[in-house]
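Structures are listed in the sections that come next.
Note that subunit A is present in both complexes that follow, paired respectively with subunit B and with subunit C.
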Partner chain A sequence: MGAYTLKRLFALIPVLFIVSIVVFLITRLTPGSPAAIILGQGASPEQIAALSKEMGLDEPVVSQYFIWLSNIFHGDFGYSYFLNKPVLGAIWDNVGPTVSLAILAQIFGVAFALLFGIYAAKHKGTIRDESIMGASLLGISIPSFLLGSFLILLFAVQLRIFPVSGYVPLNAGLFEYLKYLVLPTITLGAIQAALITRMTRSSLLDTISENFVKTAKAKGLNERTIMLKHTLRVSFLPILTVIGESFAGLVTGAAVTESLFNIPGLGQLIVSSIERRDYALIQGAVLLITVAYVVINLVVDLLYAVIDPRVRNSYHD
Partner chain B sequence: MKRTYLLFISLLTIVLMVAGCSGNASKNTSSEKEGKEGGTLNVASQSEPATLDAQITGDSDVKDATRSIYEGLMILDDKGNPKPDLASKVDISDDKKTYTFHLRKGVKFHNGKEMTADDVVASINRWIKLSSLGKTNFSGAEMTKTNDDTVELHLPSPNVNTLSLLADPIPAAAILPKEVVDNASDEGIKDYIGTGPYKVKEWKKNQYLLLEKFKDYSSKGREVKKTPHVDEIKISFVSDESTRISGITTGQFDVALSVSSDNAKQVEGSQNAKVETSPGGFMGLFYNADKGVFKDINARKAVNAALNSKDILDSSYGSSDYYKLSSSIVNKEYPNYYSTAGKEEYNQHDKKKAKEYLKKSGYNGEEIRLMASRDYQDQYNTAVVVQQELKDIGMNVKLEVYDWATFSDKMSDTNQWDIYPVDWNARSTIFQGFWTTKGTSVEKSMDYLNKIKAAPSVKEARGDIDAIQQYVWDELPFTLIGHKVNINAVSNNAKGYEYNLGPIFYNMSLTK
Partner chain C sequence: MNVNAQQNTETISVTAKKKRNPAVARFFSNRLLVRGAILILLSILIAVFAPLISPFGSLQIDPANRLAPPSSTHWFGTDNFGRDVFSRTMYGVRISLMIGAAVTIIATVLGLIVGLLSSYYKILDYILMRICDGLFAFPSILLAIAIMSALGPKTSNVIIALSLVFIPSIARIVRSAALVVKEKTFIEALKAQGASSLRIICFHMAPNVLSPLIVQVTYVFAVTILTEASLSFLGAGIPAPTPSLGNMLYDGKLAIYNAWWMTVFPGVFIILIVLGLNLFGDGLRDWLNPKNVMLKKRRKKR
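Moving on, here comes the complex of A and B:
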């Protein structure tokens, strides 16, 4: 298993190399000068040229790339002139809200999905099953900005239960922290909940018809034990894949939710850095997100082994 | 199970009933209450300033955020007339080339140091060197120190706008401590220290700017009063407009900036906030008069004759409450530079005449690149209607849409575009940045601007002000489509909101 992990980590190197070239080229080929944006309207060409030079943008693109790459090997991901701080520091400042939101959305999504997925599977073909499936289809189809706007309108503007927008870190108190994250969590987690509900239901239905479940029933085990201890465990592998993929998506794709609820997370940071042509920040953030994506997927793959002994054994073959 | 369903339906009914009633429940009468001292004024701004160096940039985000932090020698009153601010008195020499500023005594910077002539000299000379207003209007001018309380601005030639330009907030001739100027690079100051009623407490990038009341501040003896009431002003950067609107409706924000006309109606219908409108800048359609089809004046006249300003502005701003049909570059609210010269050329929507001009220009179906940015919805909407109106007179117009950074980049290269709509900030004078826009006929306009500068007074410059307005309509460096109305939302809980070339927060107070 150790060898497998190492192999996967080594496979990350060419991926990162290709991503670094692509993101570097995209930022450099997109029109718009970061120096002109920093200096604003009325800046003279001389001022823009001077700042571009200070930012190292007067060098040929190829040498800019290798300077950037060699700095990364020394742990220096560059400097954000807009935020006036190193790229790693800027990303670190914005990771907390995104990870908080992603974890809460995932907990919400999984809890909701397991509850309703199991319930739907258990009552297959009934109106309750159809209702849950209909609701989950709606959850997949509804755009997050629309759901978020609706939640804001109902729970923040009309009922005044939750704040409209903003973020309070955990050290300001658990209640305040959660109060600001409830609506974004539901907004971001709804699509995960819907997806995992459908996956849980179909996976459970596949397993229910297996012989070992029939045997368990014949042995007189009660239905709850069969469902939770035997059926769900076997059905969990495909569910885990969806959870893993969706969690990586939550961490990396929360930009719309963050923007709607004004949460200072990674998504919002990347969107604003693209608008400002903050090259160093765009490059650093995309590279680190790639690492996060691959690592999360690797962790999910390793979790297979924990859950399923057959997968565990295959690592030794 | 049936009981569960009944419970669910009952709960849902209660939730919806409460939702329906809560609008009335939250009705308050705070508009009748007086503002009190203290508290935090929460402002939601669409975007974050790129810098807090008010001297070097004309961006409105920077102006709005820094207006409470810095002050100048002069300040504009609500009619656009310059009044002494950090200066107590101004003497002008007979030849109009030397302005003597007597400095107000006992003015303190946010770092506790008292303002001296050295600070003023360093600040104004930096502003002349780096700001767009300084570079274009004060080339060759210099500020010198006479004694600790007096400075002199020496001009190479008279400029009737000297005091107005020193009072203009975009970009502001802000007075900074000399050491801040000495430590600054041309790309911006590093310490944000001014003499204004509020000082910078924290700037959390991507989140908010927190300003704190400056305890040693006093505007005693000044004509334009600044009376800070709230302890803090927190300007949050909220890019999503619906979030800003929801925030002001619920009381999370006291001021929401940049409200679109679509959402203004929602605010007007709210019990907790009101819409504040104020004169905005003009929307102009700028021609590439250097290259291509619009090098020929007849092609520009064809477009100008074809345009229906009302249709365009209806599409951009929704209702006539949120725009003004006006042929003048400067708003009526600033009478010194308001002019109706050439108004017969404005808003003609005469397709027959347009086609005649087009024929005269020798236009032969060449593709016209109409460039627009969707980052500013009004500019994009304008471009869409203009495209249709020009197609109607037989022009082959291709709409090219970019994000703002790309748009700005392309704008400076006349090989990249033929025509584009852009709106400018409202200004109190005709001396605005668009004169140096690439592709406009700037050389001839400079003669008119120089004549205005050389006039003994603004009153005596009236003929030249009308002449440059007439020149715009005769030569068409751009077609003025109309003026927008700036819309901001202010909570009923907040008092003292003012607007003069942008929102002013430093006199605001809260009722609870």
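Moving on, here comes the complex of A and C:
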């Protein structure tokens, strides 16, 4: 297991190297000097030259990259001239709502998906199975912001059960906190639920026809025990992978959901920094989210190997 | 003579009916594929004939009729500038499909080249696949947002950004299929005959990776349309006033209290297009791999 973990960690190095180059290049792709953009239209050439020097823009591109990289290793992600604070601080201030939303949406998605996936697999081929599968196909075809808009129209504008938008931190009371997060959670969790439902159903159906399940039936175990203790346990591996992959959807979906519901999270921070052309912030946020995503996927892969020894033995490439 | 000929054609048509091409027969017996194809055909027709079926121009404003609910003149109502939502939705479908098609074609061609080359040459494989892994590590909307923020909001930039985002997913599928083909005996035979690498890659390996590629392409098409809509919704995609289904929904959000029609109608069309592509993709996978369906049927019988 240790060797497998090491191998996977080494495989991460080239990936992160490419990621860092791409993120670095984002600001170099822009027409015009970043210094000119920060200072605005009224800046004199002398001011631009001074700021360029301060930002290290007069160095060759390759050395700029290494300076940028070494700063990041020292925890310095740059400075947001628009928010007037360090990038890392700005990201930290906005991370709470995003994490709350992502966790709630993932819980909602997995709970719903297991329930409906097991139900659909049990009643395979019936109208109940087909309607669940139809609903899940619809679920992956609706963009989250659209589902969110429909939910707002129905539950906030027409029925007035939930607030249209906004966010209340947890220390203002659990009830208020949850009341504001119900619609965003459903918005973001629905696609996860749809994806995981499909995977759960097909993975269960693959296992149900295996011999050990027949043996369990022949032994006279009841259906519930067979499903929960035998079938689900074996089918959980592919389900786990989909759950891991769906974290990417959560992070990016959160950006859209936050901007729809006006939640002050990472997503909204990124969207508003695009409007302000605040490149340091965009770079920092994109880099951190991508690294988080890569790490989460690694953890899922390692978990996978813990559960199923065949995975770590077959990894030779 | 005449009667004879008629009889002949009749027998021919009867045998033709009996011996209909099995692939065609399977196409029509595949409900997913047919339903998906109908939805896609419908959206293509809307896209092609958008100027003919729209009663108003997509940018034509009518300040007296701002935020008017659906009526016999404005079927889907009007927006905050008094523009006709029906006409804008038709043009929006056109833009969404055009961008989806452009991105899919570019990403497919480049992804195919990258995938084939890296399956054939070991050194290229190492370099190209590491770059793909790196690009693949980004959540797709985030990468698109980052590229768009650098290039600036322009329709052509949306196409560039999304193509870059989707090349790796195509390249990976092509590579893994091509690696299998490469080990087949006929490729070895071709090498022994002295066929050039270019010839082997273009004429012998490429046709053999088409079926997994086509399935992946329909999904990329669907995801492209979703991603473009999300980008435009966030204000980082197609710039106003050009109507795209995404930026119409952005306008709809601003008026959600007063004008539900600005959200519902463009939304329904996004769902129809993406649902059509997803159905078509699922159906196509079964159609190209009859083994899967046969296995399923056998299992059902058991």
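Just so it is clear, the second predicted complex is superposed on the first by the 252 of 317 C-alpha atoms of A that agree within 3 Å, B and C clash if a C-alpha of one lies under 4 Å from a C-alpha of the other, contacts with A are read in each partner's own complex, and residues count from 1 in each chain.
Going forward, contacts are C-beta pairs under 8 Å (C-beta built on N, C-alpha and C of every residue); 3 or more make two chains touch, one makes a residue touch a chain.
This structure is a prediction, so every number in the text was calculated from the model and none was measured.
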{"item": "Partner chain(s) touched by A:Leu51 [first = subunit B, second = subunit C, both, neither]", "value": "first"}
{"item": "Which of subunit B and subunit C A:Val22 touches, first, second, both or neither", "value": "second"}
{"item": "First (subunit B), second (subunit C), both or neither touched by A:Ile91", "value": "neither"}
{"item": "Contacts of A:Arg277 with subunit B and subunit C, given as first, second, both or neither", "value": "both"}
{"item": "Which of subunit B and subunit C A:Phe150 touches, first, second, both or neither", "value": "second"}
{"item": "A:Leu137 touches, of subunit B and subunit C: first, second, both or neither?", "value": "second"}
{"item": "Contacts of A:Ala121 with subunit B and subunit C, given as first, second, both or neither", "value": "neither"}
{"item": "Subunit B versus subunit C as contact partner of A:Ile226, first or second or both or neither", "value": "neither"}
{"item": "Partner chain in contact with A:Ala255 - subunit B first, subunit C second, else both or neither", "value": "second"}
{"item": "Touching both subunit B and subunit C, residues of subunit A", "value": "30-31, 149, 152-153, 157, 164, 259-260, 275, 277"}
{"item": "Subunit A - residues contacting subunit C, complex", "value": "14-19, 21-23, 26-27, 29-31, 125, 137-138, 140-146, 149-150, 152-153, 157, 164, 209, 248-249, 251-252, 255-256, 259-260, 270-271, 273-275, 277, 279, 282, 286, 289-290, 293-294"}
{"item": "Interface residues, subunit B side, partner subunit A - complex", "value": "15, 18-20, 22-23, 26, 48, 50-51, 56-59, 62, 130-133, 135, 171, 186-188, 204-207, 236-240, 242-243, 246-247, 249-250, 252, 375, 402-406, 408-410, 433"}
{"item": "Parts of subunit A lying in touch with subunit B, wherever the complex brings them together", "value": "30-33, 36-44, 47, 50-51, 54, 82-85, 90, 94, 149, 152-154, 156-160, 163-166, 259-262, 264, 268-269, 272, 275-277"}
{"item": "Interfacial residue positions of subunit C with respect to subunit A in the complex", "value": "130-131, 133-135, 137-143, 145-152, 222, 226, 229-230, 233-236, 249, 252-253, 256-257, 260, 263-264, 267, 270-271, 274-275, 278-279, 282, 299-300, 302"}
